[in-house]
Amino acid sequence: MGILDSKVPSGPLADKWTEHKNKINLVNPANKRNIDVIVVGTGLAGGSAAATLAELGYNVKTFCYQDSPRRAHSIAAQGGINAAKNYQGDGDSAYRLFYDTIKGGDYRSREANVYRLAEESANIIDQCVAQGVPFARDYGGLLDNRSFGGVLVSRTFYAKGQTGQQLLLGAYSAMNRQINRGKIKPFNRHEMMDLVLVNGKARGIIARDLKTGEIERHSAHAVVLATGGYGNVFFLSTNAMGSNVMAAWRAHRRGAFFANPCFTQIHPTCIPVSGDHQSKLTLMSESLRNDGRIWVPKRIEDAQAIREGKMKPTQLKEEDRDYYLERRYPAFGNLVPRDVASRAAKERCDAGFGVNKTGEAVYLDFASAIQRYGKEAALTSGMKDADDKTITQLGKDVIEAKYGNLFQMYEKIVDENPYETPMMIYPAVHYTMGGLWVDYNLQTTIEGCYCAGEANFSDHGANRLGASALMQGLADGYFVLPYTIGDYLSHDIRTGKIPTDSPEFDKAESEVKDRINKLMSGTGEHSVDYYHKKLGKIMWNKCGMARNEQGLKEAIEEISALRTDFWKNVKVTGVADGMNAELEKAGRVADFLELGELFAKDALTRNESCGGHFREEYQTEEGEALRDDENFKFVSAWEYKGEPKDAVLHKEDLVYENIELKTRSYK
Amino acid sequence: MSGLVKSSIARKVVMALSGLFLVFFLAQHFTINITSVLAPDTFNEWSHFMGYNGVVQFILQPILIAGVIVHFVMGIGLEIRNNKARAVKYKKYNGGANASWMSRNMIITGLVVLAFLGLHFYDFWIHEMDYKYIAGNAEDPTRYYAETVEKFEPFWRTVIYVISFVLLALHLWHGFASSFQSMGVNNKYSPAIQTFTKIYAIVIPLGFIFIALYHHFNPITH
Amino acid sequence: MRLNLKIWRQKDANSKGQMVDYTIKGVEGDMSFLEMLDVLNEELINKGEEPVHFDHDCREGICGACSLQINGEPHGPDRLVTTCQLHMRKFNDGDTIVIEPFRATAFPVIKDLVVDRSAFDRIQQAGGYISVNTSGNTVDANATPIEKEKADDSFYAATCIGCGACVAACKNASAMLFTSAKVSQFALLPQGRVEATERVQNMVRQMDLEGFGNCTNTGACEVECPKGISLENIARMNREYLNATVKG
């Protein structure tokens, strides 16, 4: 196994987690009071971890760059959270959720972790309801479920289109309870600038107070990173503007391996880019694909006419439309997994069938759903001979009840009424399956440095299923990490407080200050955004939905050159010892410029197509992904060796004892 | 008293209760006053009862005065506190975009009504106190009508009364229904309360205006 | 579009601020308000000036970070949107737009348009939670059915994003809508009833301590709230508070 030991417990799959919990070391309550834990990031994973750790008795310090933990980007998750509750009695079980997740991830995730996730999923719902999270209910007063892409059961719990918000506020309130008890000390508007290692163990962080610019030292017996994904390496993504990779990347530079950086999820239903001013992309929930039909014109002349504004989509006859998902994947149709739907949209647009002025948009059409629902509503309300107008109106009412807030959001942004004319959508970077490598205990390759939520790599393989991100964040934070970290901390009961005046802290702090000074002293040719946008273009064009060897090689060169240029010529205005948004951005973009290169290198090494990673060289004749289990059934974990190009690859072989590897087929 | 005003919500409730009490009083006041137009003898009779009944004079009247004082003291206290809650003001504040003029200017309408009350007390209450307790005049159950009408003889006083009633109407327009919200009533009856408030805020002050104008234009000819 | 901007600039918390005039050209209707400010900032940076600081993060109307008093209204003239979702098509060529920070004594300015809203966090810390252990082992989620209507009302109260527009809009800088949304969310659920008395008292006490003004029921908060949080929540909190006071 070499240095990568996943520490997966032995025994039957279903018993691993229980057995493991029975055997690991615990810290007695009196000793927990003497142990400090730092949690960086306060989204679903970090917020829930901080709350539970504090409740168990540890002294917790939390850090987030936002002005309040409540603003973490988990809040933007719309659709829902999966849990194997089988409330609908449709045959769901922990095993089925486990199986769907492994399959959806295209067989590139670790069995034991995913099974544990599926096992804990039911517990999350119980926990959140007890905390007062107002999930949607049916008229009998019980919890309601909906179905999501890529699965055949209804296991998704939701709170309208704001599930992430409700769950995050639940974790935030659990944190608040501990803050009120004095067990959590929150450091908001603080950014982790570096990880401090003492004798090879993570013992603290250097943070910058974003309000005053002050550089601070914080020590602890363990450090938990729950800082989310790195989708913003593409500049345009559905991530928040401040989402960044800095904490994870700083840990990587200190010895934490970075796993599968090229596994990025491109979400198929986002509002298309409208111009150069675009600062971020907005997601439209995947649930829309339950009722919307995706199409482009059949004839390229029609597409052209639509782009030039000479024709309206509603003028195009039914037989002149190409419902390409239904055509290519008759079994799953518009409900194929995200990676498949995204690539199919790109394929059509690349072939010249795009429908907005940039040529990068397809239609998501609700007209037939409106008719179908309208007819049903007319019948159930006893109108046997309802006219077309009434049916359309009734149908619109049903659609409004289901997706009203999304339709309203679309109209605000695009200024078109989606009840009358089809929505335009296009794929956008949404989630990163890759992240810091962690073992079964969620510990990185640095002792005492743990990683939870989107920031780690562990559960989603090469593609994440809808409504599973929230599940993973909360399972990690509430139920996994607080136990597994105890095993490590049990060795620290006699350590005593970690001093912050050690040479290790001195050195880390001075390195942080040097880096800031270097950023502030660029010659000032271009703004930070200039570099970020350039990086984003390279990433999107060469490391996006489809990748090839030549493009990836170019990307590595281009990013490397851009990074050199950045450090020489970036212009950062303002001062270091005060609030400075440009300096914050500069630090983050500097790390993206390293990560981007490793991303491309990882994609170049993986000579197969799987999940969100599609290499043009490896596809079937019909254009479907060609996975190579013989040679690539492993996790790529990269060790930092100076420049990204020098990173060393370590492989963790994926062992499937309970699942037979198959080619995903959604036809 | 200090216990009552220790929290912002308690202060709201005290404002609401004293306000509602004054609203109720206003209706009663109006009922008596309108008789001065409809039936002067009844007016004299009722006024005399109010002026010499022990319960009214020594229990209800002090409660009323206390109610007025509480309402105004709390109101002014609120204004000062609320002013401090935004020490640095906006350069541009478009209050009209999201709230009615009446709701935003309760302090103005309230202070005008307070000033009016000063005049009103001087006109009637002080006069009564003087008549009964200082000068020690004998009871005269027939004097009220004539005294009242006489007050509205001067044009300036009638104008002041009319203006004050308009501001009272504006004050009631927001204050009446608002007091229900303050006490936690916001339910299916709220639209009805809103409607009733609007009717009340127009009808009662309009009635008072009518009485003032009626007496001004129908002086008693000696 | 060409626009005249009057923007509040303030170096830091202790400096005196002032309105500064800027002219910006080439604004497109499809831009969001914050993207328009991005364009201005890019110009400022290229001139070597410090960009205008403002809070923002998700830019999809849910995180509650963005603020801004635009032409005298929080989140600008449009309804049910945050500043990040306000689009420039709501403005006309040649318009003058006044941009100020949310103003309240409890929201001190940190820099330019960035204000400190940590008072909101402290109100939540005072009682905005249900005291249940988070390490699992609770009862099954469906053990207690909850009337759909109540669950929905609780949800609507819980959709507050904590942006502070209610405080910014209120002529009294009152935080009643914000506080009452959390009180209501829990008051409507059986799980939340257990601590209802203490919760409302503690949260209101903290709200008062932070220096927010008193509610005078103008209703401005409800109109400006980007999430449409209803005034009913304030009434409910008043009721809860009265009950709690009577119970002692």
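So that you can tell them apart, the chains are marked A, B and C in the order they are listed, and the count of residues begins at 1 in each.
Everything below uses one rule, namely that a residue touches a chain if its C-beta (ideal position, glycine included) is under 8 Å from a C-beta of that chain, and two chains touch if they have at least 3 such contacts.
Owing to the predicted nature of the structure, the values given are computational and were not obtained by experimental measurement.
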*Would you kindly say which chain has the C-alpha centre located farthest from the C-alpha centre of chain A?*
B
*asked:* So, comparing each chain's Cα centre against the centre of all protein Cα atoms, which one is closest?
replied: C
*CA centroid of chain A to CA centroid of chain C, Å*: 26
*Just curious, how far off is chain C from chain B if you go by their C-alpha centres, in Å?*
37
*Cα-centroid distance, chain A relative to chain B, in whole angstrom*: 62
_Touch list for chain C against partner chain A, complex_ = 11-12, 28-32, 34-36, 38-39, 42, 44-46, 48-51, 53, 55-65, 78, 80-81, 85, 87, 89, 110-111, 114, 116-118, 120-121, 124-136, 138-142, 145-148, 151-152, 154-155, 158-159, 161-162, 185-186, 189, 191-192
_For the chain A and chain C complex, residues of the former touching the latter_ = 48, 51-52, 55-56, 66-73, 75-76, 85, 87, 123, 125-143, 159-160, 162, 165-166, 169, 172-174, 176-177, 179-180, 186, 188, 211, 238, 240-242, 274-275, 277-280, 282-283, 408-409, 412-413, 415, 478-479, 482, 524, 527, 529, 571, 573-574, 578-579, 581-582
_Contact set on chain C toward chain B in their complex_ = 6, 8, 19, 69, 71-73, 77, 98, 100, 103-106, 109, 169, 171-174, 176, 204-205, 207-208, 211-220, 223-224, 231-232, 234-242, 245
*In their shared complex, at which residues does chain B touch chain C?*
7-13, 78, 81-82, 84-95, 97-100, 103-104, 106, 174, 178, 181-187
